[in-house]
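Working notes, beginning with the structure itself.
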Amino acid sequence: MLKKHTNSAYEAELDQLRDKILLMGGYVEEAIAQAMEALKDRDSEKAKRVISRDKLINTLELEIDELCVELLALRQPAGSDLRLIITGLKISTDLERMGDLVVNLCERVIELSREPLLKPLIDLPHMANLAMGMVREALDAYVKHDASAAKEVCERDDEVDNLDSQIVRELLTYMMEKPGSITRGLGLIMVTRYLERIADHATNISEMVIFLVKGKDVRHRGIGD
Amino acid sequence: MLKKHTNSAYEAELDQLRDKILLMGGYVEEAIAQAMEALKDRDSEKAKRVISRDKLINTLELEIDELCVELLALRQPAGSDLRLIITGLKISTDLERMGDLVVNLCERVIELSREPLLKPLIDLPHMANLAMGMVREALDAYVKHDASAAKEVCERDDEVDNLDSQIVRELLTYMMEKPGSITRGLGLIMVTRYLERIADHATNISEMVIFLVKGKDVRHRGIGD
Amino acid sequence: MGELQVVHTGQVAMVGKTRKKRVKRVGERLIEFGLALSGNISILILGGICILLLYQGLKAFEEVSIVQFLTSTRWNPTSYENPGYGILSMVASTFFVTLGSMLLIVPLGIGVASYTSEFAPKRVRSILKPAVEMLAAIPSVVVGFIGITVTGPAIANFFGLPNGLNALNGSILLAVMALPTAASLSEDALRSVPREWRLASLALGAGKWETLVRVTLPAAMPGILAAMMLAMGRAIGETMTVLMACGNAPAFPESFLAAVRPLTATIAIELGEVPQGTAHFFSLFAVGLALFIISFVVNLLADKLLRRKAA
Amino acid sequence: MNKNAGLRLKKQLFAAFGAGWMWGATLLALVALIGILAFIAYHGFEVMSWDFLTLPPRKGMTEGGIFPAIAGTTLVSLITIIFSVPLGVGAAIHLVEYASDNVLTRWTRLAIRNLSGVPSVVYGLFGLAIFVNGAGLGANILSSGLTLGLLTLPWIITASEEALKAVPRGHRDGALALGATKWHTIRTVVLPQAVPGILTGAILGLSRAAGETAPILFTGVAFFIPFVPESLGDEFMALPYHLYIMSTQHHSIEQVRPIAYGTALVLVGLVFILNLGAFIIRSRMSAKLESAR
Amino acid sequence: MVSSNIECNNLSLWYEDSKALDDVSMNIKPNRVTALIGPSGCGKSTFLRCINRMNDEIAGVRTEGSIIFEGEDILSPKADVVELRRRVGMVFQRWNPFPKSIFDNIAYGPRTHGMKDKARLSEIVEDALKKAALWDEVKDRLRESAFSLSGGQQQRLCIARALAVEPDILLMDEPASALDPISTAKLEELITKLKQRYTVIIVTHNMQQAARISDFTAFFYMGKLIEFDTTNTIFTNPGEERTEAYITGRFG
Amino acid sequence: MVSSNIECNNLSLWYEDSKALDDVSMNIKPNRVTALIGPSGCGKSTFLRCINRMNDEIAGVRTEGSIIFEGEDILSPKADVVELRRRVGMVFQRWNPFPKSIFDNIAYGPRTHGMKDKARLSEIVEDALKKAALWDEVKDRLRESAFSLSGGQQQRLCIARALAVEPDILLMDEPASALDPISTAKLEELITKLKQRYTVIIVTHNMQQAARISDFTAFFYMGKLIEFDTTNTIFTNPGEERTEAYITGRFG
């Protein structure tokens, strides 16, 4: 690990950036967990609460971006500091999109809560847990500058993708069998897709973390060269 | 308009950034147009071509990000230059996601092309045109530093959203009436959603353009204060 | 609250100090006045010398025609029937001896200065510079004494003369006396040339010698010229050396081997013996005036040169 | 390539010629210095003795010592320094620290530069007219001392000015910015740094005054006085004048030549010691300045 | 802990006949670092030297307007310049310790203002050196010459010397322009710490430096104050085109 | 249009007994700007002065290793220093035009190397001034003193003077450290243009400047070459921890 900056205010600002991103990630995780509970319990109130808490995430995005702009304008960052800040800028976007996806998810939850559940939820919570774990570990990797942990997160995206297609296939079968379940089935498909996309964003974050640590961009591997 | 930079290499790099973003936007527009044609003509080959061309967009994203990192590391940008670069970083993400959405869209197109069309396409092409227009105008606004044009783009997002819910409602009715059309209906719903999300990304870009010009972040308005 | 108190005590302290401060300020005014006074004394002295020489010297022209004074070569104030008051021979002697010494000083001075400033290793320089200055410190009467005991006989030997007390002897001795001035001031001029210029020249592929001739010496030239002027002033005003070593003959100089008597020597040798208030006495002041004017002009020229360098 | 070689040869020839010239000049100057010092030392040591330094001359100055001349020179130099140093340093402080750039100061500087070039014999004339006759002091130690004081004044002003100017402006600004008044700044920051330079100037002025002959010729020096002067109103003997007398005016020059050598050695020795002192002070000062860079 | 603004109202300044400052009005906040930037000859240093009246030392300077500090116009002829300079310390571009010991350098100011108590002086010296983040480096060599220190240390010594007279305001005229990056970084860190107790006003050629250390930035051009705002605003979103052109490197 | 690398192999240098450069090996690419950075006393200027043997002018300097340029070791005693310095121009920290006219300043080098033809000299002067982007500013005043120019112009004049002897390599020792931001920007622009014809090696204290103008950056520390890579890599992703610490401002 590197020494501290001679300029302690700079050091503090970088710490603040890390803290804010962790906090934002925490909010996102919490939102996913609450949303899944709301789905399971068909609790539209809880879903509404999650939606209203999204503005915390939005505010944090703005704060993080502002902090990054300030750091770039005033500190002339270089090397790993620069990559930390750029990664921060990108991660904040991803986290905010995750927040938005959770909001969408909650909207579906509210719709779904009007009717009984189509079938017992088994795979979906599992998928949600996977996605949450990916978010948590991606951000851990960010703060710890841990590229190998980030790489692991990337690899776990396949698992989520498989679950996603499996669930969708299952639901489609359901819907074809029972036309009355189409709306609900569609709702659940949407929920699955949202979770899948949340996991995608976690993967994006992990790729940025690898860039942060190694200085190499690993996105779209195989096409660069 | 401001004078040119004393450092001509810097000026050239900023021009290059603008050009690359325009180029990337052009690719995205083209991809949307081709994908819609493929959908209309049920031409899975065309759809595959669009998918394979996505790597051009991905490569451009990497190039743009690399250029932005280089500019930030080597030029110590400030003021509007700094905002141009940060905006570039954010826009490249949005454009790349648009590209991914077009790929997803094309995957649906390939699925859909196996069967006849559910119904004649009227609203969907209209929606696609709207989305493409938004992308084009958002990027124009970026290059021209035109905040009011960007604001207009933001406002047009509502139109797309309305179209989206209208189409989805219509398709749902169809699907409930004819269970055999569920898969195709679902495919078309997905296509609609993709277009809606493309328009969302265009809105994001426009918001960043307003930040670029005014130096104020207009995202998540109403929550900041 | 705490802050307020701090400010308050600060102000109290300020008020308490004020009277003491005022006394202090008056004291400072007095000191400044004294300094200004001593600063202006030099003007008084220069003015005094000017006025006095004019006053006393002009008295001579009540009896002596100014034309004769300036153009006649006959200086014989003690002659009872036909006193001569022409200083032309002495002026010529002064310039003759000075010219001779300058012929030696200019090349030698620049040579010594160039060597010490540009080529000598630091340690050699730290010995050379004080050595040259030591040469300047040898009292003129000692140099004159050397003229009598060493160089005079040597010249006599070399040229087969009955004695060596002549213009050549004076020139050589004046060169010894004024060389340090020329060398030391020239060296200052050379060293005040920024090192960067030398580096630039070397970096362009010029050699050390070429750098000296094409960059350093031209850049230092005004300073070197001023140094030469000041050395010349010193040679013109030198008294004891020429008095002792030039043979003391108030005649128009015919060659370097002829005995001469410059202006300074004339004053030194005659003033002690003349009765005060006579034409002879005043005419010596007139000689002093002439000397003063010459040295004034030389110094003014040197000053101009230095000024131009500064600009 | 050929032309290049020719050019290089030409340059090398010039450089060799130049080196010869510079070496020759420097060698000549050194030979002159060492020659003079060695010559005088060689002959002077022959008559050097305790008696020579402490006894007055005897038998028409053909025997005995030169004590009155040593004493006279010392006393006159003392007067000179007492007169010129305070005045000169004061003037220098005024010019460097206080005087604004106006007509008066420009004239003052011009006057100082010209005064330092005025021939010493003219100072003699001035001293005679002002102190001896004008002020009625008569020809004595005081008149001579004051005359020499005038002579050394411009030297001391110039040396002091240079010493003051060598104090970096930053030191003055630093003190002023701390709330020190101008005089306080000069007293506590500027002068302590300038003192070595001023001292050097004063010592060199003293050495010059001690060696001067022409200005005292008419203002108080005497041919022969067998005792040490008791007051400032007395006439006196002086080393340089004694040497002059012994080498040109004495009735039997050949006979007193050894005494002349002795006198010259004492005079040169005195000047040498003073210069050495100045040199030591100055080299210490420059070492200190060096460490400040 | 300063609590007063420095209010500068319509300040103009002439050297002989040339106008060096033209109608400058600004309000400098206490306990903040304010940076003055602009090209050579823009008046930023001249402005700085108005605040402790160092321009008085230059002949032919004339001012108009006022600078109000704690209710008094410090430009008025009635103002006590000595007391003003005690309260407004200054640090120069080229470090200028006196050729004295480290201790005597710092004690110079207090002694000038009449402090004689030796124990108290020792306390003051220690305190000033600690504030200037130099104590640990020099505590065992207080009697050594100030010139034995490195350039960066000498500059911090000069800051300690200024702090020893307990000023409220510290003026700095390009304090780091002759220092290497490491000394510069240490000095910058010190400056940002000093604002807890002092109002710091700093002139710098180095825009990036202004960005790093200051809370407010004033951009001067041709004797005029073009823009004065928070440093963040000046560097990310300046209001004036001339400021934008300057900070982004568009010099025509 | 230079085409040869400058190959520096295991170069070490001593001043008297202290080692100023320790086993430095690097390969400097032609037609590129290479920046040497590092803290004071790290050896970067010493290294620069090896390349035109300016260290020869300092007594007590001893070197080991070699610097190969076009097949010859320029450090060998047999190397022709005059010819070397013609081919390797140098620009100094403090601009140093000679006290001559603008024309004579530039003509100095060619005249030194034996050029006497007046018409040809005029051409050379014009050409050099154009290359240094100064011709338009001075073409009507070639006979005026070089000192009548501004600081930035004088520095560009010094560059023109170096160019007039048609060097292949240009060494620059902190050429902008005494210039204001505007003159600095113009100089930097000039430097980036010069690389089309020359190999430029520049020592700078200002890391940001190195970032702006150079293609390659070498980081020196305590006489050692710590890292040498493209400027982009050094500033975004350096390989050595010491480089990273230096460029990010972690000075301990």
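By written order: A, B, C, D, E and F. Residues from 1 in each chain.
We take it that a contact is a pair of C-beta atoms (placed from the backbone, for glycine too) under 8 Å apart; a residue touches a chain by one contact, two chains touch by 3 or more.
Because the structure is a prediction, the values reported are computed rather than measured.
Shared contact partners of chain C and chain E, listed by label: D, F. Here the chain-to-chain distance from chain E to chain F, counted in touching steps, is 1. Among the chain pairings, C-D comes first (most C-beta pairs in contact). Spacing of chain A relative to chain E, judged by their CA centroids, is 49 angstrom.
With centres defined as mean CA coordinates, chain F is found 51 Å away from chain A.
With centres defined as mean CA coordinates, chain D is found 13 Å away from chain C.
Residue positions 207, 210 of chain C are each in touch with at least two other chains. Counting partner chains per residue, chain B has residues 6-7, 10, 69, 73, 76-78, 82-83 touching two or more of them. Shared contact sites, meaning residues of chain E that touch two or more other chains, fall at 82-83, 182, 185-186, 207-208, 211, 235-236, 249, 251.
Looking at the complex, you find that chain F touches chain A at residues 207-208, 211, 235-238, 241, 243-245, 247-252.
Taken together, the chain A residues at the contact with chain B in this complex read 55, 58-59, 61-62, 65-66, 68-69, 72-73, 76-78, 82-83, 86, 89-90, 93, 172, 175-176, 179, 182-183, 186, 189, 217, 219-220, 223-224. By the touch criterion stated above, chain D contacts chain C in their complex at residues 11, 14-15, 18-19, 21-26, 28-30, 32-33, 36, 39-40, 86-88, 90-91, 93-95, 97-99, 104-105, 107-108, 110-122, 124-126, 128-130, 133, 150, 153-154, 157, 181-183, 204, 207-208, 210-214, 217-218, 240-241, 243-244, 247-248, 257, 260, 264, 267-268, 271-272, 274-275, 279, 283. Remark: chain E residues 52, 54, 57, 59, 82-86, 89-90, 92, 94-99, 108-109, 112-113, 145, 147-148, 158, 161-162, 165 touch chain D in the complex. The part of chain D that touches chain E in the complex is made up of residues 100-101, 168, 170-171, 173-181, 184, 188-189, 192-193, 288, 291-292.
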